[in-house]
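Two complexes come next, and they have one chain in common, subunit A, joined by subunit B in the first and subunit C in the second.
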Partner chain A sequence: MKKHLFPFAILLAFPFVSNGQGILGGNVTGNFQIDGQTSKLDTVIGSRNLPEQMHLNARGDILYTNGNFSAGIRYEAYLNPLEGFRAEYAGQGIANYFVSYKTQDFAVTAGHFYEQFGNGLTLRSYEDRYLGIDNAIRGFNVLYRPYKGITLKGLIGQQRYFWESRGLVRGVDGEITINETFTALQEAKTRLTLGASFVSKYENGDGVNINSYVDGFKLNLPNNVASYALRMDLSHGGFNLSGEYARKGADPNDLNGYIYHKGEALWLNASYSQKGFSANLQAKRVDNMGFRSVRTDKYKETLYINYIPSITKQHTYAFLSMYPYQTQTSGEMGLQGDIIYNIKKGTLLGGKYGTDLHLNASAITALDRQGIYLPLVDSTMLDAPGSDGYTSKFFGTGDLYYADLSLEVAKKLSTKVKLTATYGYVIFNPVTEGHEGDLHHNHVAIADLTWKINRKNVLRFETEWMGSDSKYDANIDDKRCGDWIMGLVEYNFASAWFISLSDQYAYHDGIGNYYNISVGYTKNATRLQLGYGKQREGIICIGGVCRQVPACNGFSFSLTTSF
Partner chain B sequence: MKKIFYSLFACLFLFIAGCDKIEEDNYLIYSGSSVQWYNGSGVADKSQRTLLEKYTGVRCVNCPTADVAISAAQQAYNGQLIAVAIHDSSLAFCRPIGNSPDLRTEDGNTWSVFFGISSEGTYPMALVGRNSVASSWDIFTPTSNIESHTDAALAQNPSIALAVNAAIQGDTAIMIDVDIEYLTSRTDSLTLTLFIMEDGIVATQRQPDGTDDENYIHNHVLRDVITDPWGIYINDGRSDSDISANNPVAAGTKRLGKCLYTAVHHDWILSNCHIVAFVSEKSSKRILNVAECEIE
Partner chain C sequence: MKKIFFTALLILLCGLVSAQNAKVPENVTIKTIDGKTVETSVIKNNGKPMIISFWATWCKPCNRELNTIKELYEQWQEETEVKLVAISIDDSRSASKVKPHVDGNGWEYEIYLDQNQDFKRAMNVVNVPHTFLVNGNGEIVWQHTSFVEGDEEELYEKIKELINQ
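What follows is the complex of A and B.
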């Protein structure tokens, strides 16, 4: 896979013009990104000396379009992978290539592609370079619109696994926008879209030996496992109601401990918005809905066919995002509420420029799971491999996994100064990251002040505090524990440069002092950033999908450009 | 309309072809990996051996020191001391460093919890012969004093002799034969435990100076307990509960246990693996004798 010459040959077959324009009348666009880091031993934060002195991830995407035709390749290099990325990425080569033909009613893609059915409960093929996740499908993807308002999709292929393709995934999806299909409803204020999807994977289970809960018996594994989902989206004026319900057949795999329990997921979203106000309420219930194309894969983030949407807020401030919530595909229930309100200017609370309020709260719990009686061993067992694993009541809840509440108040103090103050409260259960321990209760307070000195110079100050009941314990080695304080100063000048200084310090019951300095320069579509400092060991999550980030102590640089 | 019909027909075809239904009664298939018991022909080597269980972790800075001490003790006891390195699946000490291989096992966690290793909170710890002292498991730090614990375990007169042989069958299965001979009459129920361990695994190990050695070689690492972690009853034709002072297993009883192990993991290098068999008292867990073999 690392040395695919065929895609190169496709592109080299065209007379290439290096200024980025005009191959046989078409267009060439692309982007490059190079990220590197060094690290040295620091026994306090747990960083290590890199044997190669420097690690580097780099990629370049080239896209050629000409009328209805397009083709692209991506070259990736991991020399060697940045800390936290899987060692299997080491190497370089063509990681992604495709050719595509698209008209108004028809599209076909051969090669690598990304696709999503509905909210992703049955299928979501996507890439996140910061998480090191890429489950692109290599195969064929077809889209067809047989009638106005009706879209059908079909695909077949294998999923990317580092430099290989594994598994076999097939899927179809259909969606009808009622107001487009039926002419009489085209102008109706109420809009309705319905959709359904069906996805199945094939993996030969014959001769695979997975031990069961009974000595001397192995599992009878299904070769084909399917999931399906129904979804709807209904809106009327500022109101919107959408939801999706999915089921999955028996799918014993490493993720669920090889049980036959059928999967189920329900996701609901209700929202209302008008000028100056919006409210959103989300709910979900997930029961054994991890769906991967290879049942025995040892990693937790690879070869996922589906995606469970996250319903916790994606916090951006350092201490509020220190304990991100990792979606538990094995089972969870959750609720999230979100309100944004603008207090009008000229009022008592709005002042001269108005005030923005943003209130968010969420809570996620485990399912209430009960073991099942197994006659072969005459006992009741929970999660016994080779059994249905457990039963759970639909509305039953188990232990709290995560809860947070945050209130953000943003106010312009003058034409040049804006202050954002945030209070947050987070309850975190370490079991969601695979280790035991007490719940962590964290209070977070943040002040963020931006001073726009003039058109070309902006100064930003940020200070954060986190008080936690957690204490650093060397046996558990969670370096996020304890009470923290942080300061940050960032100066953007000449519309092109920025310099940033920050320090996070565990002043009580914690460990570590993480200082960072970074300098960046942006010109047109090119950005260069250099940094030096310490990175805390932890977890980063995007949309509920997470990866472990090891400690790092050294220089980092990043170069991105597009054309 | 015809277009829609064809499209839906294609979807229906995929729907029908896309899922295997397995009824609950058919979840399990007999794999032949349970131990089958036969009359045996006896054991030539009747020497007493014992098992040292080293509870270790890749983030434990004192564990390399224990490795050196245990290796020296094994050489000194000339085959009478068999060692296994157990990485508990629930402890932070055992979590892999970076992208290094994961050496943890659930069975290791089962033993660690039962013997109080995980609650001890310090690593490394060891237990020889599953002996107890004053109603407590005789766990100790195996950087020294290995000899005193080993001598105590070897001091008993052998009441059981056993030998184990293992051979690869096909590509992924191992046929294991265990010969057991009762050297004294037994009035209690005994169990046989089988496990597989591997030498020569390269995985990052934290060193006494706090640095990480990425090329550290881990030996005798527990990979899987083939039987139930607490062993299986050595069946002589009677049920477990029938054995008593009035109805003992007589001295001279010879049993042969045959087991086909089919759960070999593709990451394991079988030429570096060993099969270990030990017989223990069901109630006290004390190990009576142990044997080890390479896989032919």
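What follows is the complex of A and C.
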């Protein structure tokens, strides 16, 4: 019961902090979300019969703020968790609570908090409700600004693991914006920010029995594992260069197969932009950088302390995002570039209203990993538990994991009609999702047309085609294989309603026919959506909002509101 | 049982205090597009109305909303002196693309980055796009989630209602 005392303390604290105005002096805001679904068995798309007929996820956040003081609480219910969410979520209760006091130079939070150091290479606690990720840290978080342009942070706590808190994480971070700290540089065109972070986790390794590559020998596991990172951000007018470099100590865990190889990650971003044109180039190298607070954890989404950003473009059209690339924390090299160009109106290519171009390309490969000679067994082995695992050259590359190229052209044809045409090419390696198999090469073409008949009546048509060299194979059961075609019609009316019909069909070398009908109503910050049909697992964007959905065959509804 | 009691009590308290318009919180840490750390108290428009729009580079309807308003913005500003403040919720995967994205699209809005999504949580934003209309006293007078073409006209009517009060 002890853990429930904390919310009561928050409640008790309310009258004391409101300076005698009572609770009426503060602000109470919040939001609610309820998502439900039914599902029937469909072996083709991979949906199942739900034993309870219906699944439901619901949550409500209440926030109280009064001057420098704020407090919040979140109630969550998974009765039972929607398809795609872990069974461990089943149940309901208070999942998150905090109190926080914050002034210009000082802030302290007790309870659950979300925090990020730099780009997250050493630490990022965050939540993504549609993906079922919530690694909020429960503990204390302090921020202090001793001088202009200098920010120091410190934290300690445990990470959320479904309905428990696990592990022990400590960290400090410092950042200095040179132009603010040194008054003489305040107006300088060149701006520089530097930062550093240090994060460590504690987990008792004594008495934990994990076999090494030598028969009969157990691993001597470290109780503390540390990581650090250095970062910079330099800009001059339209030019920007930023980067972060991180290292991690020996951290044998389930994810890396219990090797002692040190972790390393480098992330670089260079960009130039001016009005109507921008170019961006990113490079990344990640080597054994998965950092989590419990070494035996096997889930993809739990107990991560750090975050390795994927540099590939986040596509949102159905067929371009059919193979979303997942960062391989064990190791990868990547390059990505973007160009955005706005052809001015009144020119030959720009036409009457101008044309927007967006070009994107990326390529991600494995590291060039070589096994190491182990004298105790007199052989060369790769990833032997208890060894250093492998060696890799910094600039060496291995197999291709993923590559894409896309060109999007958006053009207003008249005051009422707007067309976006997209061509994309995606190469996908099934190894990144843990299966063997040949590379998939997919060509994708998309036309997206919006016709605003008048203010209260808007039609949207979307048609997509994907041609692939992959064929559906029942042994591998990758339901995305083959050639696909899709159509969608969406009608928005009376400023509040929409109805949409869509169908995705594998017409060659594939299986599956995903049809869907959705109706939605939006009024201010309240939105209700009902759907019926077959839903593919993945990101969908419909009626003005994008979200992640699990495979489903039946009815679904979603209600969100903020106040 | 205790938990249920507590939740009920909290909801009851909400009823007591929600009669007034919620204010935009002033002490949440965000970043300017140049990477400078600031508090949300910098989001101001000299007592004139303000639009606060939460968006992300990867969000198609958000881009449609901000591109649609782009063509009307000059006229809106002349007629009502309204200012649009666009808060990017892009995380470290795409945060470095925000400035190129804004410049490439030619947006003239005031842009901030909410990479840790502290401001998003403080404003109870569930999905993007989520657009707030704020009066000269920093109070939220209207909000709307999602965007389809035509929604900008409703927003502009609300702005005009606000300045004619």
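As a convention for this text, the second predicted complex is superposed on the first by the 526 of 563 C-alpha atoms of A that agree within 3 Å, B and C clash if a C-alpha of one lies under 4 Å from a C-alpha of the other, contacts with A are read in each partner's own complex, and residues count from 1 in each chain.
In the analysis below, a residue touches a chain if its C-beta (ideal position, glycine included) is under 8 Å from a C-beta of that chain, and two chains touch if they have at least 3 such contacts.
Note that the coordinates shown come from a computational prediction; the quantities given were computed from them, not determined experimentally.
Chemist: Which of the two partners, first being subunit B and second being subunit C, lies in contact with A:N492: first, second, both, or neither?
Modeler: Only subunit C; A:N492 stays clear of subunit B.
Chemist: Going by the contact rule set out at the top, does A:S278 touch subunit B (first), subunit C (second), both, or neither?
Modeler: Touch partner of A:S278: subunit C, not subunit B.
Chemist: Looking at A:R191, would you say it contacts subunit B, subunit C, both, or neither? Reply first, second, both or neither.
Modeler: second
Chemist: Who does A:A525 touch here: subunit B (first), subunit C (second), both, or neither?
Modeler: So A:A525 only meets subunit C here.
Chemist: Comparing subunit B against subunit C, which has contacts with more of the residues in subunit A?
Modeler: C
Chemist: Touch test for A:P51: subunit B only (first), subunit C only (second), both, or neither?
Modeler: A:P51: touches subunit B, not subunit C.
Chemist: May I ask you to decide whether A:K153 touches subunit B, subunit C, both, or neither, giving the answer as first, second, both or neither?
Modeler: Once the two structures are laid over each other on A, A:K153 reaches no partner at all.
Chemist: Taking the superposition on A as described, I'd like to know which of subunit B and subunit C A:T65 touches: first, second, both or neither.
Modeler: second
Chemist: Kindly classify A:R295 by the partners it touches after superposition: subunit B alone (first), subunit C alone (second), both, or neither?
Modeler: Neither subunit B nor subunit C is touched by A:R295.
Chemist: For the complex, give me every residue of subunit C touching subunit A.
Modeler: Checking each residue of subunit C against subunit A gives 2-3, 6-7, 9-11, 13-14, 16-18, 20, 22-23, 25, 27, 29, 34-37, 39, 57-61, 64, 67, 91-97, 99-106, 115-118, 121-130, 142-151, 153-154.
Chemist: Provide the residue numbers of subunit A that touch subunit B in the complex, in ascending order.
Modeler: 41, 43, 48-49, 51, 83, 86-87, 144, 146-147, 150, 152, 154, 170-172, 174, 198-200, 207, 209-212, 214-220, 222-226, 249-250, 260, 298, 376, 386-388, 435-436, 475-477, 550
Chemist: Can you name the residues of subunit B that touch subunit A in the complex?
Modeler: Per the stated touch rule, the residues are 3-4, 7, 10-11, 14-15, 17-22, 24, 26-34, 59, 90-93, 95, 97-99, 102, 121, 172-173, 210-212, 214, 227-228, 232, 262-264.
Chemist: For a test of understanding, state which residues of subunit A touch subunit C in their complex under the given definition.
Modeler: 1, 4, 7-8, 11, 14, 23-24, 26-31, 33, 61-63, 65, 68, 70, 73, 75, 93-94, 102-104, 114-116, 118-120, 124, 126, 143, 151, 175, 177, 180, 191, 193, 233, 235, 238, 240, 242, 269, 271-280, 282, 307, 309-311, 313-314, 316, 338, 340-342, 356, 358, 418, 450, 452, 454-456, 458, 460, 492, 495, 498, 522, 524-527, 541, 543-547, 560, 562-563
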